[in-house]
Amino acid sequence: MTKPTTSLCHSTADDIVLRGRSLPRELIGKVTFTQLIYFQLTGRDATPAQLAILDACLVTLMEHGLTPSAIATRLTYTSAPEAMQGAVAAGLLGVGSLFVGTTEGCAALLARIVAADDARAEADAIAKSMRRVPGFGHPLHKPVDPRTVALLGLARSQQAYGAHCVALDFLSAAVDAAAGKHLVVNATAAVAALLADAQIPTTILRGIALISRCAGLVGHVLEEQTNPAMQALWEAGEQAVPYKKESP
Amino acid sequence: MTKPTTSLCHSTADDIVLRGRSLPRELIGKVTFTQLIYFQLTGRDATPAQLAILDACLVTLMEHGLTPSAIATRLTYTSAPEAMQGAVAAGLLGVGSLFVGTTEGCAALLARIVAADDARAEADAIAKSMRRVPGFGHPLHKPVDPRTVALLGLARSQQAYGAHCVALDFLSAAVDAAAGKHLVVNATAAVAALLADAQIPTTILRGIALISRCAGLVGHVLEEQTNPAMQALWEAGEQAVPYKKESP
Amino acid sequence: MTKPTTSLCHSTADDIVLRGRSLPRELIGKVTFTQLIYFQLTGRDATPAQLAILDACLVTLMEHGLTPSAIATRLTYTSAPEAMQGAVAAGLLGVGSLFVGTTEGCAALLARIVAADDARAEADAIAKSMRRVPGFGHPLHKPVDPRTVALLGLARSQQAYGAHCVALDFLSAAVDAAAGKHLVVNATAAVAALLADAQIPTTILRGIALISRCAGLVGHVLEEQTNPAMQALWEAGEQAVPYKKESP
Amino acid sequence: MTKPTTSLCHSTADDIVLRGRSLPRELIGKVTFTQLIYFQLTGRDATPAQLAILDACLVTLMEHGLTPSAIATRLTYTSAPEAMQGAVAAGLLGVGSLFVGTTEGCAALLARIVAADDARAEADAIAKSMRRVPGFGHPLHKPVDPRTVALLGLARSQQAYGAHCVALDFLSAAVDAAAGKHLVVNATAAVAALLADAQIPTTILRGIALISRCAGLVGHVLEEQTNPAMQALWEAGEQAVPYKKESP
């Protein structure tokens, strides 16, 4: 078995090198955090359009209020204020299949459509074969998800409306045809299309959500420090799920 | 620097050895889980009384309903059902200073009293110098914490009412004298006294709570599988902590 | 939608009730930790045989030395000693599909065999259709896994060798026939069979591993407190995975 | 007790509002991720200099190779590939007092110096009273930490060399005088000074490290997907910490 290696980083007495670049001389003060994220994940410099897309997706996913993740973070922070890292980790553990699964599922469908000889036919086949297509529909945002409008608009204005965005158009048309009505294109679908067109590996999509949501959860920790919600969340939870004796 | 070693476990082709004992030949089917926990933490066999004490403390701390930990576990499990370990970990991350700190704080005080030349005087000094003595008082259980009664009763019946239990008596009397009224001896104080008398290292007290609570949280995962509470907990949380625009 | 409820626990001023039983009056000092785990997960009292089985499985899975989980716990504990719960959580997060997946996978196969009209035929069909049957084979323990011997021997001596243990015999014979040689019955397979026969819900198998391993990891925290391995683990890791510049 | 509120986010049918701003209309495609982090944490727009500082600090802390955190993430990912969030959380749990404590400790000292009537005298008093001043010294980077040079240089070029940077100069001079030799100003001290001058609340410093490191750990997950190091890290760990039988 060949020994595994890492190309991410090594340190010498006078330098720290990330994927071949000097952290102090070529990165600190020279690139933004988002540029470094793109470089860390791809080994390439983002083009201006790719950078705008990645920034927009990170901005989109960062903060959604008192989600299950945010509630977990706030309950945990006040329970264990000695360890902010534990509170943030508790929240990130909820960034799983229920919330990110649709992005991942939609990305896989878009990849199939892009790879197909006949993209429209593939989109139709997908829409007809699935009862529920990931990335479509939203309980609150109807008839459009305003984030989707913003994300796809950005892709167009950046001239970054690539094969996966086009595939999403095909899929949306196919989904509507199969359903006999318009289904909202969820922001998760737009994120999937934009990041794929920006050449972020689809295997790391959940990681993009984790980076973004991590920042949102840190904001919740800060709010919890001055405006603690833990006690209220605890009491509300106890009342929402009352004790009921089992029948024997 | 000498190389660190582990004495906990090693494996050979036909054996697995825990602290010098054969797992298949001397432990599986021969000792209970609690006996092995005691052995793992001390390298000694628990006496019958020590075993009864450790079992009782693990039983006491296991399950308290929809605590912040349990809420975090249930929110996380339904958000990420692919990873039960993440849901349990999220709940354990709330087993921190707010909930276990009083056990740890009380244990430290009991150790001081036990080590003092004049135990009663040390207890008095502690009670007078602290505004709030960890392990005393309870918002719901008054005038007695019924778990404390059960735990101290067990220690007596097991003839395991040792120096730390006596120190807790001194401390309780001193706390009441300083307060001018009776303060409930919380179960956390009784756990601290019993485990110290059972010769569990006090530096690992939080670990005992983690083992016990882990089992409780697994029970919540199982209930969440058939009687999911996540959506109700989420909605209750959102309503309990409404959005309020900041004043600029 | 009907409101979810919990039957696990509720508190009153003078009692704490777990699934209908008084914690201070019926559980503390009356049942072992393992008895309460069984009761928490099933709502029933374990028979003596079921109790022996559950204890044996918890004992089997608790401690395996410096596993990836234990390494993660020890690295995390010394990095963040303020939060033992974080170190234990980090280790538990590695109790996932690679290590527990075979138990879960084997349990599913045993359930199929038990449910089949012709159990032997079902076992044969499974063995012929799968390239690798979960729960069989072990890199180190050959030709027998000594834990399996101990676990199945316990089931026999407890007269608890039930339908799932018999199904495991069928499956083992079928696997050997299909492979043309004897494959070790891994302890994970024995655990799957024994717990199913003990009527622990198979959907919570991973949770049993979590409870057990939690206790093992707490032991590693305690050893790390006095015999810290973090620095050595860190340096060994850096040397095992050297930096290699990517080809451009 | 007044009901807690959140000002971070709320959603309506056609909008999502973050601290009073429309996510789709005012944020997506309009601000960078770092700008939104600054806004989330302060409620203010970052000035160009504050933005450059925050970006530089996030870039500085993101990736340091096979740290204990990165090892924990890689071990956990391959153990439980079904849950990337668990692997990232495991790594973040190591972002604790050992690694971030010096930043937090140094920030507290700089705040004292800034608040003092005589800043130089306060710096001297600190240096004389502490055996080891957090933020000074580095095992590898000598005589200068190249990241510190880059960070303080950026602050100067951005005309953002504020009171906390000046306080760091005073503290460095005092530390050298007390030690009788030059001690390296660690990057952690520079980060503390720059973020304080950029008006990031010091109570959330650890959160900045968490956001940054989260991105680095996602990079390790991606590398682990194609160049898995888990097995090598495991074996190296086992060899680095051999089993040693306890003396009885």
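The chains carry the letters A, B, C and D, assigned in the order they are written, with residues numbered from 1 in each.
What we mean here is this: a residue touches a chain if its C-beta (ideal position, glycine included) is under 8 Å from a C-beta of that chain, and two chains touch if they have at least 3 such contacts.
Please read all numbers here as calculations on a predicted model, not as lab measurements.
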{"item": "Taking each chain's C-alpha mean as its centre, the one farthest from chain C", "value": "D"}
{"item": "Between A-D and A-B, the pair with more C-beta contacts", "value": "A-D"}
{"item": "Chain A and chain B: spacing of chain centres that average the CA atoms, whole Å", "value": "37"}
{"item": "Rounded Å distance, chain B centre to chain D centre (Cα mean)", "value": "32"}
{"item": "Separation of mean Cα positions, chain D and chain A [Å, integer]", "value": "22"}
{"item": "Where chain C touches two or more other chains at once, by residue number", "value": "3-7, 9-10, 65-66, 80, 82-83, 85-86, 89-90, 93-96, 229, 232, 240-241, 243"}
{"item": "Residues of chain B that touch chain A when the two form their complex", "value": "65-69, 71-72, 75-76, 78-83, 86-87, 89-90, 93-99, 229-230, 232-241, 243"}
{"item": "Touching residues on chain A, where the partner in the complex is chain C", "value": "3-7, 9-10, 17, 19-20, 43, 80, 82-83, 85-86, 89, 240-246"}
{"item": "Chain A - residues contacting chain D, complex", "value": "1, 3-16, 18, 22-25, 27-29, 31-34, 36-37, 40-41, 52, 54-56, 58-60, 62-66, 83-86, 88-90, 92-96, 140-142, 144, 146-147, 149-151, 153-154, 157, 201, 203-204, 206-208, 210-212, 214-216, 218-223, 225, 227-229, 231-232"}
